[in-house]
Amino acid sequence: MNEIELLNWARGPGLAYATIIMVFGLTLRVFEILSLGRAEELAEVRGSGVSDGWKMIFKRSLPEPRHWKLITASYIFHVGLLVIIFFFIPHTQFFRDVFGVFWSGWPNYVIDFFTVLSIAAMMYTLVSRFVDPTRRILSKMSDYFAWVVTFLPLVTGYMAFHRLGMDYTTMLAVHILSVELLMISLPISKLTHAITFTMARYYTGSSNGRRGIQS
Amino acid sequence: MSTSFEQGINTLKQVIDAPIAAYFSSCTNCGLCSRACIFYTETENPKYTPIRRVEPMRRIWEQEFTLVGKAKKALGLSKEVTEQDLKDCVELAFESCTTCGRCSMVCPVGNDIVYMIRRMREGLTAAGLAPKSLQDAAVRTMEKGSVMGFPMKTLEAMVKAAEKETGIEINIDKPDVDYLLLLSSAEVMQFNEIIASLAQIFKEAGVSWTFSSIAHEAGNPGMHMGASEIEAQMINRIVQAAEELNIKNVISPECGHAYMAIRWEGPNVIGRPYPFKVYHIIEVLDKLREQGKLKTTGCELERITFHDPCQAARRGGVNQPQRNLLNMVSSNFIEMKDSQACNWCCGGGGGVNTIEKAEPLMKKVFNRKRNQIEELDVTTVVTMCATCRNTLEEGIENNNMNVQVLGLTELVANHLLKEKKS
Amino acid sequence: MSDNRQQLAGELQRHGISRRTFLKFCTSMASAMALTPAAAAEMAEKLVKIKRQSVIWLSFQECTGCTESITRADKPSLESLIFDFISLDYHHTLQAASGDAAELAREQAMHDNAGKYILVVDGSIPLKDGGVYSTIAGMTNLDMLKQVAKGAAAIVAIGSCAAFGGLPKASPNPTGAVSVSDIIHDKPIINIPGCPPIPVVMTGVLAHVLTFGIPELDDMGRPKAFYGDTIHDRCYRRPFYDRGEFAKSFDDDGARKGWCLYELGCKGPTTHNACATVKWNNGTSFPIQSGHGCLGCSEPDFWDAGGFYKAISTGIGKPGQWATGALAAGAAAGLASAYLNKVTKSKAEKDHQEVTLEDMGGKHE
């Protein structure tokens, strides 16, 4: 297979398989969670908890200042990923093609900035998994796997855009394949949290709201 | 014997619900929960990281309730939970956790970790692994009528003494009154001045109340063990008393876990809503204050601070009433730097102070509370839970601190403006 | 017949091609391939001394666009001088003979120059149904290619069809079209892709083959001199790409200002060719300069690369449809898993034994 065939496969069948697995898998996961149900609250509640649930989805994003280094690094790469994925101009073309919705991208130097910061932040979070005693005892293969599949698109995307590493066609194919690997990993790893964190926050927020407790 | 390893696994399957599934799906092993747990911060031992306390339950969730997990198990990529796993979990779920709930506040993805730990305990107890001290306490509570094992006669004697001291008649088993009062064992055995205090406060406020001879104990070892069925037995006793005496308001006393048990868990474990309301005693006093029925005189001039009991305040929702009352009787009330829902656990709750093995650890984690008190330069700490009171007093003594501990009801009673002649 | 050829010098003179023109040809070819000035002189020296090289040109499933490009019959160009240096012994469009006589000429040239002639191929080779979809003189392209390739010194696959399969290979490839290198594996093959290739690229490579032998090729058999860079590497609109200034439609402000055509589907970044430097029509212009994105015509499968007007960053096909199907399938699987979960729960419920005080060492109530 030559490099253009690899690129066309990545943009064609590869993307199809990855999309199918990701959407299928995430839908399945959500159904599996909901299927376990939640017992009715029989105590006299202080509030219905519904609005507290929804509010919690956003409120819990306010960082706790105590552990600023890890939280800063984590926010940098989460925000960075969102910015890069949705506002890099070639990516806006992709989303326009898929969703039919178009929004303006941001200048390349802004995306570059976020990419470099995100790569640095991710390296910090990886090292802390070895250095921080809590993270060291918690970290398993699945955590490192999740890190790798998140890191690869960042690095390969940067390399492709800046014409580093292999020739552009191959580098672009590798980048797209790394994104497809990430897509496939979403439903089968802790990366599911990208979707289910809203559910977790809602449940906690609503039970807190029912009891009138601060969260 | 119906408890067994198989029952333990079975129970864990029963307690896993949609919230728990969402929590396990979302945990990224970030490790931030450990920073909120005194058992980690004061020992720097990462084995106490909160989310680790529920690892066996996580494996069961993954292997039993997700297709991916089932596949992993079939491929040998995921190990089944063993009896040893459950045994190893006892130290983490009982001996080094007060279920204070601080972990649930800091989890970035919103996991209610203490909710999960409570259910992990359910499985461990069904496996026959509940700490002996809690098992014994449960037996005493149901057979003798109180957690510490004293009979009703003991309480009757306390009541008589209080009647003599105050000159106020105190009811037992009186129907159709405003409030049914429960007490925790610690209050009866160690802080029984509360009986006289309440008699006076209620007299001035003009409210009627009674004890029940079949249900005077507020403490609930069933909840500590996570044995919902036994917890229900204890709750049902109280419900029976309230229903028989036709009382519409039940008071949970100065005890943290009692409030959690009767106010929040109770109806859910007995399977029906109550025909009455439940209040923490401090909520009742604050309501009386609001209605102008609680008048005080004089003010504490010394620097005073407040320790929020985890189950009543952070997890129970009683945060403001104690502050209203304190501001009434103190002109120098200073909040701890981390206060209200962010306050730190004293280290004694959740059954930990009954487990002998946990004593050295309890001593160690008290450092957090000690630091909180010392940085304020106060000589009085007020609280509204008897277990916290005991733990605080013990810790203060161990650390040679010059601090006294007061119960809030007692403090308010000391400043009570007595208008009615006894 | 083979020794009738005189040295080229004489022939050129007789055709009225001055030495000056001849030298201009050599210089232009050499500089197009970034060879040194010395190479131009060497090329001139060698070309006049050679006997005219036998070239057999087979045209298979093609549109004759490659021949059009190289000849520009209405305006003889410097490039077409190459025909004065070779003996084009077989070419469907340019030869005088036809029918059996043409085939005979081919066979004669093959015999006389066995092992030494250059085989040029344009057009793809259909394989389906025994290769019947393209035949010459009753012989399938496949058979003819195999037969003629046997005695060739080297093969030049001109145009994207011969090099990679080209348009006939586009999905669903009804004729089973393949490239020359899919069939011949035992001869050196030079691929000169493009739809069509640029004239000077074709003649430059031929000139190099005649004088210096086979040029340096990349991993797809393309001469690095002409296919080493991508259009993007040499595009004059790069500053706009770098600044993120893109035309969004063919007649908007950006288009008029000559901004980058990435969003309008330009495949420049993944297309290897010399269009951006050498350009077309004697250096007049090239697609991007005229305001249209590069089609990527010198790359394999350019017809199936997702659409000429969709950016490279888009998917090929309709991802939205797959996602909808996957959502439905996921929901179905979710319901199945939900059912299994309920079964597990019911069983656990059934197997549950109440924890009693007896278990704690107390009296049974």
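Worth a mention:
In this document, chain identifiers A, B and C correspond to the written order of the chains, with residue numbering beginning at 1 in each.
Note that contacts are C-beta pairs under 8 Å (C-beta built on N, C-alpha and C of every residue); 3 or more make two chains touch, one makes a residue touch a chain.
In this text, all values refer to a predicted model and were calculated from it rather than measured experimentally.
Compare each chain's C-alpha centroid with the centroid of every protein C-alpha atom shown, and the nearest one belongs to A. Contact tally for A-B versus B-C: the pair with more C-beta pairs in contact is A-B. With each centre defined as the average position of its C-alpha atoms, the distance from chain A to chain B rounds to 38 Å. Annotation: 77 Å between the Cα-based centres of chain B and chain C.
Residue positions 333, 337, 341, 345 of chain C are each in touch with at least two other chains.
Residues of chain A in contact with two or more other chains: 25, 28, 32, 34-36.
Each of the following residues of chain B touches two or more other chains: 65-67. Contact residues on chain A toward chain B in their complex (touch as defined above): 25, 28-29, 32-39, 41-44, 46, 56-57, 60-61, 64, 66-67, 70-71, 74, 132-140, 143, 146, 187-188, 190, 192-193, 196-197, 199-205, 207, 211-215. Of all the residues in chain B, the ones that touch chain C in their complex are 1-3, 6-7, 10-11, 13-14, 64-67, 125-126, 128, 130, 135-136, 138-139, 142-143, 227, 229-230, 233. Chain B contributes residues 16-23, 25-32, 34-35, 40, 44, 46-47, 49, 51-52, 65-68, 104-112, 115, 263-268, 271-274, 277-278, 314-317, 319, 340-341 to its touches with chain A in the complex. Contact residues of chain C toward chain B in the complex are 333, 337, 341, 344-345, 348-349, 351-363, 365. Put simply, chain A touches chain C in their complex at residues 2-5, 7-8, 11-12, 15-16, 19-28, 30-32, 34-36, 89-91, 93-94, 97-99, 105-108, 168-169, 172.
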